[in-house]
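In what follows, structures are represented as structure tokens.
Shared between the two complexes below is chain A, which has chain B as its partner in the first and chain C in the second.
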Partner chain A sequence: MTLRTAVLSAAAMLAASGAASAQSTQAFNVVGTIPSICAMEEPTLADGSLINFRGLNGTTLEVDQLTDPSTLTTRAASASVSFAAVCSFPHNLVVESESNGLWRNAGSGAPSGFADGVPYLAQLAWGPVNGNLVADASARRANQVTIGVDEAVSGEIVVDLEIQAGASNLRSNAPLIAGTYQDTLRITVEPQ
Partner chain B sequence: MMIRVLCLALACVLAPSLASAQTNAQPRGRLDIVGEAPSACVTFAPATISSANATLQSQGQGAAEVRITELIDPQTSQARASSINILLPITCNTAHRLVLRSGNGGLLRDGGNAQSQAGGFREFVPYQVSASWSGQNVSAGSDQVLSINVGDGAAGEASVLINVPAGGAPLVAGGYGDSVVIELRVEN
Partner chain C sequence: MTRLSAALAAFLWTACAGVSAAQEESQAGPVPVTGNAPIFCTVGSLQGGGEVFDLGVLVDLSTGLLLPSLSAPPKTLTGAFCNTGSMIAISATPISAQTLTGTPSGGYSNEIDFTATASGWTQAPASFSTATGATAQSSQTRGDAFSGDIVVDIGTFSTSGGSALRLVADPVYQGSVTVTLTIAN
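Our next item is the complex of A and B:
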């Protein structure tokens, strides 16, 4: 039996009982669900934000001159990278440094007097929240920060990276042992 | 009964849409930060730790002059002893070789000839050179090339000792000079 047939049947019964003037109403509950969506796009550079970085190639941000050629110590560098994102529910922003700093790829350790790790700071801004990830290169391990966001947000996750002059995992202004240095930042938006 | 059926039908329509939205979402970002510390050696201004009858004068970036105060004994025209020990701060961030060589092989009179012995006088004064770097010591006459191989990065002070011996045949009057080049070669 359809809904229309049921209503008509009820009206017919009411007419037969002599209550033709009575009105009949029926409430319908219409429900729907907005899906919980979080999405993020590839990183982009903020205009004019590069200092001593060559630019962004896909997801790779390369330091132009990691060392000062006259001292072999770390040169200062900074960049601002944005990830266009949307999250339609309260969520957590998780930023993880894979190695807790830029570390030399090859070799094990460094000879006396040399550093093989470069600390950096990642300052985060996402909607109403801000946070810092201090990748201090004190040890080669994962390091992450989790920031709770109690509302839906659409916009850009901005990551301001800063490498300070002379920074190293040994002491300030320690020379860097030669090699390629690297770290990976992973940014995740996840349910609370 | 019919409303419930209707709602279930709506739910059936929404369910695939929700699943699709979650599957398509990519709430992850990645940023690879890389940098290169190139292989290099740098030196800084040298300093004297001891000297006798000689002084060191800096001549700017990468150069210095050792001046022998009295090259000869004025009574005999024979060479007087002199020595100077110089410390040269060095930082090499990879395997390298320190090479030390003399331009003339000894102190040579301006316009002179190292082989000349005319009239019993000479115009060439060989000397002794010693170098210490990264735990290794080498020593030789000024007519030879000194070399120290270091298999990794090293930072510290190289010691260079120059000893001019006294005596020998008297020296022809004139200005004597030599250039000692300390070269750092990156090995990879």
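Our next item is the complex of A and C:
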């Protein structure tokens, strides 16, 4: 054996005893993203929730008999409407009444002694939050409430609508002038 | 033997035996020549160089639920070899939200389980599910030396906690896969 051979042999033994060559590893990352999304479906009525409402026609909720036929005062009515919804990030729930109450469509104003607006209350429940929108029919204008929700929520936005007996924009139990009364309620989930 | 050879041989014996016995004229040998081929494993080189499985958007934007069609192209490790019996092992960590911390709110999850497989090395692929952790399938052995390609793939995605859960928004969801070749004991 020459010296050169002996030295090479010793080097090979050292390499064989090292751990690095006995194991080899490759690591991978797996990545993806989830954008901020909010989605809401068409409204549905909660079973058995209708009192003096005819039901949903698309997105229109129609009161069956708004007035008592003998006194022309407002009849009580209530309904519970649900919207299946999801928001994958902290967001705001905004509920807006376009007219701040049910108002008669045609004409302006009402003859003395008659009311042409009907207040109502919308109670909201969405995940961890609750809120109220009081559409008091004090003036015909937009009225909205914004509720901050600091977490992702999925489930149903429940809106309980309530019209109290005798409610009007004039005084309790004032007669309502004839006409079609309506309001538009918008429910929005949006980034904060 | 030349004078040079004799001198070299004498030097070697000195180193091995530690005895000072140099003589002017002596016959060296026979000297056995030995050597070791080191046992060695390598996972080879990653084809294309990309070590990232990019799944893109993970959820159906209209429902917020995990996309059922989620997939990413497999990765190939070319030129892998072990010059003795070997074991291939695979492990993985769930794809989880990196920015948001804490427990997600009701109806939501922040983690996606998946299964990673390494095939081509052993008859049965090594596979690892982040939902169940390491099992007998997570490492496979072969008794002989081998060289070839290893294909690493991911699939069978599921929302941790149940498929009815939605996933919280987060710009970065990340998990990992690790493939290891080791000499068999």
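The working rule: the second predicted complex is superposed on the first by the 160 of 192 C-alpha atoms of A that agree within 3 Å, B and C clash if a C-alpha of one lies under 4 Å from a C-alpha of the other, contacts with A are read in each partner's own complex, and residues count from 1 in each chain.
Simple rule for what comes next: contacts are C-beta pairs under 8 Å (C-beta built on N, C-alpha and C of every residue); 3 or more make two chains touch, one makes a residue touch a chain.
What you are looking at is a predicted structure, and each value in this text was computed from that prediction instead of being measured.
Participant: State whether A:60 touches chain B only (first), chain C only (second), both chains, or neither.
Facilitator: The answer is first: A:60 touches chain B but not chain C.
Participant: I'd like to know which partner A:89 touches here: chain B for first, chain C for second, both or neither.
Facilitator: Touch status of A:89: second partner only.
Participant: Have a look and say if chain B or chain C is in touch with more residues of chain A.
Facilitator: B
Participant: Touch test for A:31: chain B only (first), chain C only (second), both, or neither?
Facilitator: Both partners, chain B and chain C.
Participant: Report for A:23: first if it touches chain B alone, second if chain C alone, otherwise both or neither.
Facilitator: In the superposition, A:23 contacts chain C only.
Participant: Identify the partner contact of A:155: answer first if only chain B is touched, second if only chain C is, both if each is, neither if none is.
Facilitator: In the superposed model, A:155 contacts chain C only, not chain B.
Participant: According to the stated criteria, A:39 is in contact with first (chain B), second (chain C), both, or neither; which is it?
Facilitator: both
Participant: Classify the contacts of A:188 with the two partner chains as first (chain B alone), second (chain C alone), both, or neither.
Facilitator: It touches chain B, and chain C stays clear.
Participant: Regarding the shared-chain residue A:102, is it in contact with chain B (first), chain C (second), both, or neither?
Facilitator: First partner only, chain B.
Participant: Does chain B (first) or chain C (second) touch A:127, or do both, or does neither?
Facilitator: Only chain C; A:127 stays clear of chain B.
Participant: Pick out the shared contact residues on chain A: the ones touching chain B in one complex and chain C in the other.
Facilitator: 1-3, 6, 28-33, 35-37, 39
Participant: Would you mind writing out the residues of chain A in touch with chain B in their complex?
Facilitator: 1-3, 6, 28-33, 35-43, 59-63, 66-67, 69-72, 77, 81, 83, 85, 87, 102, 104, 110-114, 118, 120, 157, 159, 161, 175-190
Participant: Note which residues of chain B are touching chain A in the complex, please.
Facilitator: For chain B paired with chain A, touching residues are 2-3, 6-7, 10, 14, 17-18, 21-22, 24-40, 42, 91, 93-94, 152-156.
Participant: Hey, which residues of chain A end up touching chain C in the complex?
Facilitator: Listed in rising order, the residues of chain A that touch chain C are 1-3, 5-6, 8-9, 12-13, 15-16, 21-37, 39, 86, 88-89, 127-128, 151-155.
Participant: Quick one: which bits of chain C touch chain A in the complex? Just the residue numbers, please.
Facilitator: My answer: residues 8-9, 11-12, 15, 31-43, 46, 51-59, 61-64, 70, 72, 75, 77, 80, 92, 95, 97, 104-108, 112, 114, 152, 154, 166-183.
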